[in-house]
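Here the chain labels run A, B, C and D in written order, and each chain numbers its own residues starting at 1.
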Amino acid sequence: MRAAAERAFMTTSTTTYTASELLAVMSAGLLCDGQVVFAGVGIPLLAATLAQRLHAPGLTILFEGGTIGAFVEPGKLPPSTNEQRCTRRANMVLSSTDVLLLLQRGYVDIGFMGGAQIDQYGNLNSSFIGDPQHPTSRLPGSGGGNDIASLTQMIVAMRHEKRRFVKKVDFVTSPGFLAGDNSRCDAGLVAGGMYRVVTDLGMLGFDERSKRMELLALHPGVTADQVQQNTGFELLIASEVPVTNPPTENELAALRHLDPDRIYTA
Amino acid sequence: MLTLAYNELRRRTGERDRSLREKVMSLEAAAALVPDGASVGIGGSTLSRTPMAMIWALIRAGRKELVCARSITSSEGELLLASGASRHVLTSWFSQGIVWGVSRIMRLYTEGNRARFEEWSHMAVGLRFRAGAMGVPFLPMRSMMGSDVVAQLPDTRQIDCPFTGEKLVLVPALNPEFALIHVQRCDAYGNAQIDGLPFMDLDLAMAANRVILTTERIVSNDQIRRAPDQTKIPFLTVDAVVEVPFGSAPHECYGLYEPLFKHLDAYAAQLRQNPEEGIAAYLERFFYGPKSWTEYLDLLGLEELLDASRRGKSIYDD
Amino acid sequence: MLTLAYNELRRRTGERDRSLREKVMSLEAAAALVPDGASVGIGGSTLSRTPMAMIWALIRAGRKELVCARSITSSEGELLLASGASRHVLTSWFSQGIVWGVSRIMRLYTEGNRARFEEWSHMAVGLRFRAGAMGVPFLPMRSMMGSDVVAQLPDTRQIDCPFTGEKLVLVPALNPEFALIHVQRCDAYGNAQIDGLPFMDLDLAMAANRVILTTERIVSNDQIRRAPDQTKIPFLTVDAVVEVPFGSAPHECYGLYEPLFKHLDAYAAQLRQNPEEGIAAYLERFFYGPKSWTEYLDLLGLEELLDASRRGKSIYDD
Amino acid sequence: MRAAAERAFMTTSTTTYTASELLAVMSAGLLCDGQVVFAGVGIPLLAATLAQRLHAPGLTILFEGGTIGAFVEPGKLPPSTNEQRCTRRANMVLSSTDVLLLLQRGYVDIGFMGGAQIDQYGNLNSSFIGDPQHPTSRLPGSGGGNDIASLTQMIVAMRHEKRRFVKKVDFVTSPGFLAGDNSRCDAGLVAGGMYRVVTDLGMLGFDERSKRMELLALHPGVTADQVQQNTGFELLIASEVPVTNPPTENELAALRHLDPDRIYTA
């Protein structure tokens, strides 16, 4: 039984929310005022915009389509990060190559993406399910994912399901810590790395030395066992695992104002 | 699509007529410039400034074996595969768009080995066009290393930097034989102004060996010369200019019209049940059926064109 | 000014406050940010959009040993040498301008080994800034080979291209500690619009570790956000914003004023007889003497400022 | 006795002209309609503009400051190729790096520069007179000269004086054919090369195999001996050496209309 399905609607004392809404609110909480965040489409775009409207008005949002300092309008979410809706009231637009180069130059604090499949070292796969030579499923591919993950501190927001949290991804589209330890740095990726994975069950990080995934916090009503059951490899568990604060009414109202048609939070 | 030897690149460019001359022609005449098997760089990205009218004309002309390169590939890529116009798409991401899920057509063609989806990182695609634009055989970059994306690409090299000793990936120049680019306005010589997101189009225009511009409208060279700092693509790279209103529809053209979302939803729905039959019927109705681009637009429907225009122009409202 | 190790480049950039915040300050406060010995990239080229007010402020502040890099160096370079602010200029061409002949000051200082004129080709200077902007340690290029320009530069490498076997020169990234750039307008955060020729300023802004913008006027962030495709330098690269009308005078600022030719002729004449005495007197009168930038402008004279403005604005006349 | 000084004012049947005017008119005549020419400041800028107003209305003029398709106005010559006067009524401006990259990409037919010192293989020196380590004179340097000469077919317009036409330049700022034969190509410069040197005495080219400078034509009233006397190395002489047509009144009038203050043609 998949936790995500089970928890499709959750309640706080006064309100209910979907797993996607939980993801959006929880990952928004990781973004700090004054940071520069490079956000992918979907939950990341929505969560970054939410953070900007709540606790981080000075958050600088970049999109790979070429937007710097975005200010996405409520109810006008773009279908990707490449349409004009990304740019309205933005500070600048530039070529997609040049906005990606800002990652390489080091101007970006946080990369923020969704994920289809992740492994114990935070490697992401959005290219092939099964053998890449004869895949059972061809996925849409890297987009800017590989560049973002190669060059920044990463936050990933994704559903916590056993089939998505695997010991080894079928294909490393976007590098996490590769084979752990120093292997990322040895491969030439001397900057950045996985920082947090936010799921509908909890918050995860990575052990500083081994680079294995570690449970850092649980969302209200979730147990560490439940998280482990929904993970396809053995998780490290932090010495203290606090419980996150549930989304507030204010946060959910702001979120729903941004995405009234539930384009990203269905 | 490998790096050309410099002599060959120079020879091809040297042979082009780069003079200030009128290049206005019909969609059909422009399509006739592109032979079967050509490598084609496609401007815009995802649903933005897609040169849809030119792709429509190429598909109608029965073009085959085009090798297509684009930053991010959306429904135009599905139509290129399903029509038989292409069996090789070089891109960083391929699906209609996240809100419509994973492309069933892309899956069918790639999983069944009927087409190749050659995946590079988004920045790598951009740097390949940029190397092509700069006239160098490669550019160095710092992503892709350690990933399986680079592992499955034979056309990269890894080096130790001769200055710093650091590991770097070199990506080869991409100089497509043709670039198809849609712009808001240009003159008859091909001096183009682009509003909003430029994507990789400036590099693509410089990189390609021939550039076919479609444009929402043709303006005078005088108008261009009044603001030379607004010209984004210089005439000397351009070989054909075609005026096509709503030339990106059902995708968007910044400041003029947003995507025709209802049409795109209907398209996605039509492909959901049986992707192959669905897209064949779509191609028949919207690509092969109409006698002209205007008839195609008529099929899209005036109501949705007006709605998309209202949304598109609102970008400039306070 | 050698290529930084990537870790060090990232560390320096990571430490910067890149947030959306107001950065408006006085010329004097901005000058105080630049320590003796800093490497400084100078925007504009020759007589265009020279950040003259900032150079004026640095010279008045008694700055020493600045290592200055600019595409093409004109009278501001002579003043930097003669004031003692710099003894090392990296550039492709150094003289006031062809119409005034070879710089006597440049000759005196370089022939007498009192200063270094480090000569790179114009494109090489540009590609060094571009490599710095891209966060790569080098870029490849195809000029300079076989010439004595490259032969006397220790900081280049020649390679055989791993794709084509062709010979290429690699030029190292240039990430100056400071960029000084003058623009027509920007907001208090540093989002800058530049009209006309951009020269290397976009790359320079991205490459430098800190950017000091001088601007003819400060506009609202709202005004910038109405046309994000007109922003040329993003706020997140900028550390200081100083409003300085006529901030390039006696050089030009596109669309606003042309060079003050009479002043530049008089300057050249003053240096002709005895260059060292002439430029010392000029520095005394125009750089050290005035109490403020406005007093400096007053010395240039309202009549010539008005004439230069009339000529500058005429670029937009039909 | 230097020919250039001697010929400071020359006459056709009805009019007189300066050596600079002769240079401008003669080199303008080498530019063809429809070509793309990358012109340096001074005589090249003036001559390209003159060609555009006379026989080559479709000549595309590029300046290293960043101008594409310039249309310089009479009486408003720029002090360098970097001022706004270069851009008025131009087709495009772009960054100086990018306009120089057009040379490398191969979009330019002809590079067109002035010269301070040239040698028998067409190498140009604008950096040092004397030993570069202890120069008797430091010159302004390469500017775009090295890039232009490395990457295009070159026309050079310069005064014909013995001290300027030397066997071997003190410093190769802008490469011609280096040491002759295939040495240019062997050095990695596989495209371009010297095409013509236009002087106030005649027209010169380069032998196809040895790459040595060759006298191709004489201006009216000049002898081959005179040219050799004003050249610091042995010139090849073409099998036929025709005499050029002198500047016409129409050409001189157009030229003087462009440069009424004799900024470039003093």
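By our rule, contacts are C-beta pairs under 8 Å (C-beta built on N, C-alpha and C of every residue); 3 or more make two chains touch, one makes a residue touch a chain.
No experiment lies behind these values; they were computed from the predicted model shown.
Participant: Would you mind naming the chains that touch chain A and likewise touch chain D?
Facilitator: Common neighbours, chain A/chain D: B, C.
Participant: Go through A-C and A-B and name the pair with more C-beta contacts between its chains.
Facilitator: Answer to which pair has more contacts is A-B.
Participant: Report the chain whose mean Cα position is at the greatest distance from that of chain D.
Facilitator: Using the mean of the C-alpha atoms as each chain's centre, the farthest one from chain D is A.
Participant: How big is the gap, in whole Å, between where the Cα atoms of chain B centre and where those of chain D centre?
Facilitator: Here the centre of chain D sits 41 Å away from the centre of chain B.
Participant: Go ahead and note the Å separation of the Cα centroids belonging to chain C and chain D.
Facilitator: Distance between chain centres, rounded to whole Å: 29 Å.
Participant: Hey, what residues on chain A touch two or more of the other chains?
Facilitator: Counting only residues that touch two or more other chains, chain A contributes 67, 87, 93-94, 101, 104, 190-191.
Participant: Counting only residues that touch at least two other chains, what does the list for chain B look like?
Facilitator: 6, 135-136, 141-142, 166, 168, 196-198, 229
Participant: Edges wherever two chains touch, nodes for the chains themselves; is that graph a line, a ring, a star, complete, or other here?
Facilitator: other
Participant: So which chains end up touching which?
Facilitator: Applying the touch rule to all chain pairs gives A-B, A-C, B-C, B-D, C-D.
Participant: Flag every residue of chain B that touches chain D in the complex, lowest number first.
Facilitator: Going by the criterion above, the answer is residues 6-7, 9-10, 13-14, 17-21, 133-136, 189, 191, 206, 221, 224-225, 228-229, 231, 234-237.
Participant: Would you mind writing out the residues of chain A in touch with chain C in their complex?
Facilitator: Of all residues in chain A, those touching chain C are 33-36, 58, 60, 67-69, 71, 87, 89-94, 101-102, 104-107, 109, 190-191.
Participant: Okay, in this complex, where on chain B does chain C touch?
Facilitator: Interface residues on the chain B side: 2-3, 5-6, 135-142, 157, 159, 161-164, 166, 168, 170, 172, 195-198, 226, 229, 316, 318.
Participant: Could you please specify the touching residues of chain B with respect to chain A in the complex?
Facilitator: Within the complex, chain B touches chain A at residues 45-48, 71-72, 74, 91-95, 97-99, 102-103, 106-107, 110-111, 117, 119-124, 126-127, 129-130, 141-149, 152, 158, 166-169, 196-203, 252, 254-255, 258-259, 261, 312, 315.
Participant: Which part of chain D faces chain C closely enough to touch in the complex?
Facilitator: 41-42, 64-67, 79-80, 82-88, 93-97, 100-101, 103-104, 127, 132, 135-147, 150-151, 171-175, 178, 183-184, 187-191, 263
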